[in-house]
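In what follows, a single structure is set out as structure tokens and then discussed.
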């Protein structure tokens, strides 16, 4: 039950990232999603993995607050297709995770699939660097989560690496991009 | 354990970087090449060295982010799109490979892996947008000719352990299908497109078509063909592209000997490495499905008109660049006549 | 003789090329001496390897990596074809002045062609032959980019087809080595591919292709070398095909088909020759004409036919050097060359054609008709030659490249060599037949003075020597001063190819109708594919998923 709620939270956070254009909205979405993913990771891969996800996500969310368009800008005008995408992705992922595939870790499957899918779609559809790097951070963490599927005792190394990537990506700002 | 093909391709990438640094004309761009290229080599090595599939994806993601933030003429979103979509699709592919469910999941896994590979490298249908004036270090050619070969070797090898037999067959078939599309499109576009920079990109795409066909032909000769083809991309086409980038844009109507010899090398004529790769590919196709060999042989003729054009784009190399071109051609002749060391190094 | 010696004919010209290039880059031109040394040393090495043993000598080193080992062999076939390649090239490299890049590239071409005929298997021949073709194109473009040259695509297609034959033999039979391929592997389909590649490699086709067109170049330095190195290679493949099939082609149909193609080539060349406007145009058809007759003879499938074909080919190779050195003006050299080219008795060309026609009658059935048609083509050549004596010379070539006395010497040599045809057959052509037609080569007999076949005897010395005397007497009594060069009407007009040219022009200028351009706009299609659009990428993914679930 806890995992199911956590999976829902992860989806919710990823959806906020998809629907938000402002730095606060992005940071909030990242934080919510990471919280959900950390709980799922705790069950799937242990406390080290969960701690890595949580830390990476917090650092990424903190970094996001520093740069990007000011304010929340959640569901701005013209974001209806993105909303449809979030709902459709959730339904599809739910069907696959709960009905089509078998095995005990349905929340893990749902979380990995939906966050990977929504993050990738967000990168495909966005132009602004803060949005792109926020989505990339989530993507990295979801990839690490996917490593736990089908394994009895996943190692924490992918989660650590993903946390580093997510944390660093959250601090890349347009000034960093221009300087490079 | 490190995969021998991937290690070899990392070494080749490093050699290509050394060539670029040694033979690139302006001193300033050499420093930039060394710095940014060095990061690319390290990233490619990381992709090869990481023991898990997810680790590979994370390394790819990190490399993609690094490549996108070094700047360039294309918008950041465009530069990021390819590697991120690749990671997404590969991640989903690995997901579908691991979950327990109906057989169709395995096929979706194959789709994800193939599509992710195509997106990561930048071939059809996931061509990375190109700006003709973009510097080499930030252009999509980096994925086509520098990091892409290592990525392909790793992905294909990991896919073979992820996918069951039936899905592995679908994986191979899709690679061959995509390969043929890239052969035809790349070959025709390299000939007909207006911009020379774009023509060079398509020539890489056409070569990748043969690589994908080789990777999809699940016999030893197919893998051998792919590795020799990748050699000719990294240590043949890429250095020549670098020379062409810095050639003065004079209107070269006639072909000097060097332009024609370069055209022959780019077209995969004997005795260059591209011909040896084609031989191995035809062997592999004949073993599995001989009509494919006929189609491939016919498709190989498409390289010629584009290569003549690209050969002329080098102009008349002088001084250090002439030495560089001669070195590239000599290496490719040696590899074309005697590819065995390349294959042995890759344990093929 | 150590087996390593077989590499000498291949390596020596390549080493000479490297030396010339190295000195050339340093600003020192080694001139004709180095080029000549490279080519003649290859010829000498070939003879030195073959003559002491007169049997196959093979060098087998390790695997190369594509299913073939480095396998070089000097046997009767490679000896004969090697001489046909290297001797005319050596003559041209000795006499004609060249820049150092041209000399270097020419020697590379010679080395590659020698490697093609010394290769022990189909795959290596394809690699070496493809290299020779590429080098020839580079040489021709280097000399004069605006002048006619072979279609690179056509040459590449031929050698690529041979590569495919090689890999099919490797996969199907386990090997592509000429002497080891299981006969059952050489199916009709495979042979068709091999024959197609041979025809493309030498352009043995009835219409006017590069073996004719190259002779119209302003300079014949590169043309001579290119034809010397490339033209024999297609015939080489057809001769080796007998070895692959244990002395036979897979079906008599192929013998007939190739003989008919050869005949058509010879006849078409004769038709163009008799309609030539200048003597240079006439000479441009000599090599394709001889090649057509040679193909018709080689394709017969009998030892006599093979021998006749080789005699004609050897004559053609002599003419490559002769025609490249001949100036475009009237004179004795020109007249002697015309006489030798059309096969006036008792030239060796005459002897070869006589043997070829005899071979068709011995082969019997439909091939006998081929012999009759061959005689008709020969008669057309005679008419063309008679007409050509009075034609204007042609555009002319730089005087430094032409050596009329040497050209005349070569042409006269082929005329005088007629009585020695039996000896030529014994020493040059019989070893080839013995190599590739082991089971039936014994049907050829005779000695240095006569050719003995299954059904006839040709006493070459007895017949040809008096003919030679008669010919010399006839020439001495005739006056050539009355011959005035002028435009002459052809015996028959060639069918107009205007319709073909019109169709070609229409195809080139074809455009998509205005109302469909928005659908078939290639630029927009390319922009869409390369634009990185989200929709396209998603659609592609869906398409892949759909395809894989079917």
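Should a chain be cited, it is by its letter among A, B and C, assigned in written order, with residues numbered from 1 in that chain.
Just so it is clear, a residue touches a chain if its C-beta (ideal position, glycine included) is under 8 Å from a C-beta of that chain, and two chains touch if they have at least 3 such contacts.
Note that this is a predicted model, so its numbers are computed, not measured.
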item: Core chain by centroid distance, with centroids computed from Cα atoms only; value: B
item: By number of C-beta contact pairs, the top two chains; value: B-C
item: Computed distance of Cα centres, chain B from chain A, in Å; value: 32
item: Centroid spacing, where centroids are CA-atom means, of chain B and chain C in whole angstrom; value: 38
item: Length of the line joining the C-alpha centres of chain A and chain C, rounded to whole Å; value: 69
item: Where chain B touches two or more other chains at once, by residue number; value: 81, 85, 89
item: Chain A: positions in contact with at least two other chains; value: 124
item: Touching two or more other chains - residues of chain C; value: 537
item: Residue ranges of chain A in contact with chain C within the complex; value: 124-125
item: Chain A partner contacts - residues on chain C that touch it in the complex; value: 534, 537
item: Interface residues, chain B side, partner chain C - complex; value: 78, 81-82, 85, 89, 104, 107-108, 110-111, 114-115, 119, 124-130, 170, 174, 177, 185, 189, 192-193, 198, 221, 224, 228, 254-257, 260-261, 264, 267, 269-271, 275-276, 278-280, 282-283, 286-287, 290, 293-294, 297, 300-301, 304-305, 308, 336-343
item: Chain B - residues contacting chain A, complex; value: 52-55, 57-58, 61-62, 65, 68-71, 75-77, 80-81, 84-85, 87-89, 91-92, 94-95, 98-102, 105
item: Touching residues (chain side chain A, partner chain B) in the complex; value: 96, 100-103, 109, 112-113, 116-117, 119-120, 123-124, 126-129, 132-133, 135-136, 139-140, 142-144, 146-147, 149-150, 157-158, 161-162, 165, 169, 172, 176-178, 180
